[in-house]
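Shared between the two complexes below is chain A, which pairs with chain B and chain C, respectively.
Presenting the complex of A and B:
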């Protein structure tokens, strides 16, 4: 087993285990901070998939932006949420959670079954891509290529997403204003 | 080399954990975290397949778009959650059951 493979198993174990902890703990603060760990492990998985720029973006936007936002919302919504969490102190498998657990487990079985049936490594276009040397090599620097593509091939989605970001910014600022509602 | 199947299995696990959180939690913030987990599972798939597209970078590019979209969605969703808390003094989606104030 090579080092890359071992790192892949470690990273995916950390990601899945911390995600399970996020889902099962009754303490909201702990679940938010364990979500940090999940996101960092996912960034590590992106690096192993040779997408270093996406990994950095993941850390900057998710860990730096979204999680701080979630923490803010949690703190602003006060003690009531903590009390609501504390009241339903149950074990992981209880009658109330059983349907959700069943749904998730059945979905997982269907998905994993499908994944092993598809056999993604032997798909037609992936074999062709490897044969044409169109796959990313571990020593390639891809950031420059991403920048060029962003300004040429994918210019339209780039502009669209800038407008969406603008709309979301103004909308969020307007929604969370204290304003007088008549 | 890591097989694509490994990435897809990890992503399926994350997706199902997110699904479980969305269905079972009684707190809007935790439901939001579940949605983020599902989005991250999708992004992991995009990145894993994007490795086989060196010239156009389709997978990585749309992974970036998905991350930015997730940020925008979260900002709006949290603003809505704060407003709901101000109106109803609770953020349990099961207890918010009347439209007029």
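Presenting the complex of A and C:
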């Protein structure tokens, strides 16, 4: 087993184990810090898949942005509210859990089905891309590639997303204004 | 397998360097503070008190690790390690000289920006884990401040990247001297590719980068929680902020992280704006000062000198300026620095398209 393979299994194990902990623990704050480890392990898996830009973006956005914001919301809400979740009954199968179980089971079926049906070693579109020399080599400069693609092929979705984000930003700023109460 | 051993040696070397810098940084800080406040500072331990911080660290290592009874023990113990590792990870991508970088990352700058944001998480962890109102207040102030100041810092960095056209720190470094592959122009009109020296540094490549440098420097003070932005550990209101409950080794790690962070942000500023490992001496006719003083060892010397100068300025600022109030601090970030940084980015785009 090569070093890359060993790293893959180690990081997959960390990601899965921490994700299970996030889902099962009743200590909400710890589960958030554990989620940080999940995201970090995922970033490592992205690096192994040669998607280093995605890996670093994942850390910037999720760890540096979203997780910190979630923690902020937690710290503003106080310890008593957070402890309420720990006092819930801990039965695995109850009527309240049924929709979630159903959804999870259906999703599992879809995933398993997918894994058995797809022939990952000789996919049609990958072969076509390799034949057309439309693939990215491991030593290629990823940032330029992403930038050029965003500004040419995917310009319309890119602009649409930026407008949506702008609208959300202005909306948030408007909602948090004090405004006159009259 | 040989290169794995090299990796370990380099990693240990960087760790001992940051530890050594923290030791002498604390000593220098005390002496600078003493000089500015017209006192003597440490004088007793060793000649001129030089062994004072070594004595301090020996004392800290022997201290008992006290975990408060109400603390979340796991988070409390892990937090200092995470705070320090976040800063230490950043050292992996910094160039020290021509051809000398621990890791030649294509995305070096972006990587450093990413790992530095992990520090916020460690600080929040420390604040929450301590289960103490001062710690939580300090942690929340720190997180709010770091998130706010990441935006002007990020845009100041982007305005350099747009001029340099690369995120690779080693490439950005080599563009700012006589080794530049594409030639350098002072302020966009005077070709200084052969002259080099101080004229080819990024702050002089385009006039607005000087403003970007000031924005980045102010934001980096806030990101490393240094005065005048040290409200997270404001001792007059919060005891000591997020590290109130830490003793012994935990406290030592928090301090190690703070001083490593100082060095790291100064070094990023040096690499991006102040010519990285390039010499400040220009070639003047037959006196080839720049050519003589460029090389691997010279590079290490120059980059350390420049970074220590910036760290010295950080200390000078800390003991000169009073602490900012919370609302003033946020207003400075959002109403002054962020629009200015946006403007710098805009000018960078125009500059690159029409003037280079």
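What we mean here is this: the second predicted complex is superposed on the first by the 145 of 182 C-alpha atoms of A that agree within 3 Å, B and C clash if a C-alpha of one lies under 4 Å from a C-alpha of the other, contacts with A are read in each partner's own complex, and residues count from 1 in each chain.
Assume contacts are C-beta pairs under 8 Å (C-beta built on N, C-alpha and C of every residue); 3 or more make two chains touch, one makes a residue touch a chain.
Note that the structure is a prediction, hence the values are computed from the model and not measured.
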Superposed partners chain B and chain C on chain A - clash or fit: fit
Touched partner set for A:155, first chain B, second chain C, both or neither: neither
Touched partner set for A:29, first chain B, second chain C, both or neither: second
First, second, both or neither for A:39, with chain B first and chain C second: first
First (chain B), second (chain C), both or neither touched by A:5: first
Partner chain(s) touched by A:72 [first = chain B, second = chain C, both, neither]: both
Which of chain B and chain C A:64 touches, first, second, both or neither: second
Chain C versus chain B, contacts on chain A by residue: B
Chain B versus chain C as contact partner of A:56, first or second or both or neither: second
Touching partner for A:142 - first (chain B), second (chain C), both, neither: both
Which of chain B and chain C A:168 touches, first, second, both or neither: first
Overlay on shared chain A, then closest C-alpha pair between chain B and chain C (Å): 14
Where chain A meets both chain C and chain B, residue numbers: 53, 57, 65, 72, 142
Parts of chain C lying in touch with chain A, wherever the complex brings them together: 72, 74-75, 105-107, 110-111, 113-115, 117-118, 120-121, 124-125, 127-128, 136, 139-140, 143-144, 147, 150, 167
Interface residues, chain A side, partner chain B - complex: 4-5, 8, 12, 15-16, 19-20, 22-23, 28, 31-32, 35, 38-39, 42, 45-46, 48-51, 53-54, 57-58, 61-62, 65-66, 69-70, 72-74, 76-78, 80-81, 84-85, 88, 96-97, 99-101, 103-105, 107-108, 111-112, 115-116, 119-121, 125-126, 129-130, 133-136, 140, 142, 145-146, 149-150, 153-154, 157, 161, 164-165, 168-169, 171-173, 175-176
Residue ranges of chain A in contact with chain C within the complex: 27, 29-30, 33, 36, 52-53, 56-57, 59-60, 63-65, 67-68, 71-72, 75, 141-143
For the chain B and chain A complex, residues of the former touching the latter: 1-10, 12-21, 23-24, 26-27, 29-30, 32-34, 36-37, 40, 43-44, 47-57, 59-65, 67-76, 78-83, 85, 89-92
